[in-house]
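We call the chains A, B, C and D, going by the order they appear; numbering starts again at 1 in every chain.
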Amino acid sequence: MSPNTLEAENLHLWRGDRHVLRGVGFSLPAGQCLKLTGANGTGKTSLLRTLAGLMYPEEGRVRFCGADVRADLRAFQGSLAYLGHEPPLKADLTARENLRYWIGTRRRLSDALLRAGLARVGAEALAGRLVRTLSAGQRRRVALAGLSLCAVPLWLLDEPATNLDTEGQALVGSLIAEQLARGGLAVAAVHHELSGLGAVHQLELAA
Amino acid sequence: MSFTWFHRLGSPPYVYALAQRLTPWLAWPAALLILAGLWGGLVLAPPDYQQGDGFRIIYVHAPSAWMSLMVYTTMAAAAAVGLIWRIKVAHAVAAACAPIGASFTVAALVTGSLWGQPMWGTYWQWDPRLTSELVLLFLYLGYMGLRAGIEDTQRADRASAVLAVVGVVNVPVIHYSVTWWNSLHQAPSVMRLAKPTMAASMLVPLLLMLAGFTLLFGALLLVRLRAEILARERANPWLKEALAR
Amino acid sequence: MKEFLDMGGYGAFVWPSYALTFAVIALNVFWARRALRRAEAAARQRLAARGGP
Amino acid sequence: MSAPAVTSLANAGGTALAAEALPVTSLAAAGLALRRDLTLALRKPAQLIQPLTFFALVTMLFPLAISPQLSQLRQVAPGALWAAALLASLLALEFLFRDDSQDGTLEQYALSGKSLTALIFAKTLAHWLLTGVPLALMAPLAAIALGAPTAALPGIIAAVVLGSVSLSLVGSIGAALTLNIKRSSALLSLLTLPLSLPVLIFGARATQVAISGGSLIAPLELLGALAVLGVTLAPLAAAAAVRISLE
């Protein structure tokens, strides 16, 4: 498999009249993490959604493994996991059902693997509980379980550690460390320090 | 070579300048054709043997009805081009078309019912052509309502483009089902709003009016297109020079 | 001239139809030009704002 | 949870990238989406009853507005029934995508790497099973209330089942387009009703033929043709509309 690299080249994007991305560019080699920093509203979310192919930049290009992602957008999106502000969970389904229906549409998911995913984030006790009854931190852990089950080369994370205590933040750090250890990539918009990651690229988005 | 022609039509400054230059070349001929059509239709053409002078309404009804459908198809074609090749100018064309088409659909509806009144004794009759025209008006209102509902121009362009394409696919289906429905329930005795058989002296003015209205649409479209292009160009440097012209 | 206006008894339908259609044409011309004027003014304002600070 | 334990578990829990996770076909993914929506709906049955009560309510208006005479009502029965069915299915459309868009699951469908058209078609199929079919089962009650002979009931059910397929499909486009617009129920009906007129015309005609005892072949064929047109085009347009609304 050619090495996973993610390049963004001269990305320009407007949201209404605001010029949100002004010539953003970076190159992220395999096994590396890119930390997006910057105040609220400086375009971190817009950049992540543009990288994921949800938003269409008016100028510039995104390349993954050397190929323009727009060439085969569906295949590219199949090889990435995007976690937005809200954990993508239905309130009226249990944690297990949510993972079954969310990750199950992406890859074959056995019960054992599902349980292991929940165990990995310390949420196996929540498996049978309706997401409606879970706290924000617990929901975030179920979402992180989904992320770890995705088994994809590219992670795009928007504030992955919101609503998590320090132990939860360490969990996010270790999950990303594993992703990098597997030769994958991670782009994360974060406010706090990502513990245990060693060399981390940083991209500051100006106001 | 042909591709660069098409490519240049995608660049806002080129289209803006082209629109500015072409407008008078469409507007004045349109005025002349319409005046000639009026003179022919109102003065030269003999009265119809059945409807007498009442048939002269056709010289405004038929062009308006033709406009309502032609403008909608133009809008849908521009929307499709904008959607497939992501050309902003095509979306600007579609946005410019909608109000023109909608206003002439209203004209077609009112002149149609005024023309039908002497025949039917009432102002509204569920005639298949008038009913299809009414549905077309709702398609226009739906298109403009969707555009107004979305703030972000780029998203409004693309969402309304999908609606326009879906709409144009449905126009023949709606027209067929309305005609089928009408033929089912309509007592054959009531005369339908059909064009009477027309002698050359009656037909020529109608063709002049149709051509005049089409050129008028071209002129109106180009003026509105410039406005839509400006709205989509934010603070692009080429605007300064274009506005100075 | 009088029988011209009378339109063989259909005057009450013919003239309103023509009046309305040409009103729609005039409205469209007015609308289009106003839209262009407003767009130009807004564009000049945006250019001024961008050019300024 | 100290660090070493984490890394050892990683190999068991997180699968290595090299061993590509077993892929799932778009069809299987669509099947899952269908099952999810059905499960969700059955968890909150109250929402399922709403379109049915609305349908009964609207049907009740006609006798009160026109006349208690069954012979007179029979004239209006097809139109009243189908107008009520159209409005009832419209009612249920607004939340077809809105809930999924707000909680982020619709976004995950778009990013699933599977055909969004198939997933949207699965959601529309679930909507039809949850509103169209119940409406069809309730239509005979309304038909009898409006004076239709019992012999006409099978034909009426068939017509409403077939017609409601198109209603859900056409409605899915409008629902996807007005996904992010607040207070969009008026706009949704303005977009959807004109496109549903052929279904209304052929459906009412089929019901009329059923009541008068004629042969139902032709009207049902026309309804079938509309359903096929809807099945092929509507999911494509709705998927495109969803992608645009997510931009």
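To be clear about the criterion, contacts are C-beta pairs under 8 Å (C-beta built on N, C-alpha and C of every residue); 3 or more make two chains touch, one makes a residue touch a chain.
The structure presented is a predicted model; accordingly, all values stated were derived computationally and were not measured.
**Student:** By the contact definition above, name the pair with the higher C-beta contact count: B-D or B-C.
**Tutor:** B-C
**Student:** Could you tell me which chain's Cα centre is nearest to the average position of every protein Cα atom shown?
**Tutor:** Taking the mean of all protein C-alpha atoms as reference, the closest chain is D.
**Student:** State, to the nearest whole Å, the distance from the C-alpha centre of chain A to the C-alpha centre of chain C.
**Tutor:** Whole-Å distance between the two chain centres: 53.
**Student:** Mind checking the centre-to-centre distance between chain B and chain D? Centres are C-alpha means, answer in whole Å.
**Tutor:** Each chain reduced to its C-alpha mean, chain B and chain D end up 33 Å apart.
**Student:** For chain C and chain D, what's the span in angstrom between their mean Cα positions?
**Tutor:** 43
**Student:** Roughly how far is chain B from chain C, going centre to centre by Cα mean, in whole Å?
**Tutor:** Taking the average C-alpha coordinate of chain B and of chain C, the gap between them is 15 Å.
**Student:** Any chance you could list the residues of chain A touching two or more other chains?
**Tutor:** Residue numbers touching two or more other chains: 56.
**Student:** Listing for chain B: what residues touch at least two other chains?
**Tutor:** 154, 234 - these are the residues of chain B that touch more than one other chain.
**Student:** By residue number and range, which residues of chain D touch two or more other chains?
**Tutor:** Within chain D, the residues that touch at least two other chains are 247.
**Student:** Which word fits how the chains touch one another: line, ring, star, complete or other?
**Tutor:** Chain contacts: none of line, ring, star or complete; other.
**Student:** Could you list each pair of chains that touch, in label order?
**Tutor:** A-B, A-D, B-C, B-D
**Student:** Inside the complex, what are the residues of chain D that reach chain B?
**Tutor:** Against chain B, the touching part of chain D is residues 173, 177-178, 180-181, 184, 187, 190-191, 193-195, 197-198, 201-202, 205, 222, 226, 229, 233, 237, 240-241, 244-245, 247.
**Student:** Quick check: in the complex, which residue numbers of chain B touch chain C?
**Tutor:** Chain B residues touching chain C: 42-43, 47, 51-54, 56-57, 60-61, 63-64, 99-100, 103-104, 106-107, 110-111, 114-115, 117-118, 216, 220, 223-224, 226-228, 230-231, 233-235, 239-240, 243.
**Student:** Could you pull out which chain D residues touch chain A in their complex?
**Tutor:** For chain D paired with chain A, touching residues are 1, 3, 6-7, 9-10, 12-18, 20-24, 29, 32-33, 35-36, 39-40, 43-44, 99, 103-105, 107-115, 119, 246-247.
**Student:** Considering the complex alone, what residue numbers of chain A touch chain B?
**Tutor:** Residue positions touching the partner: 14-17, 56.
**Student:** Taking the complex as given, what residues does chain A use to touch chain D?
**Tutor:** It is residues 1, 52-56, 74-75, 77-82, 84, 86-93, 97, 100-102, 104-108, 113, 116-117, 119-120, 122, 148-153, 167, 171, 174-175, 178-179, 181-184, 196 of chain A that touch chain D.
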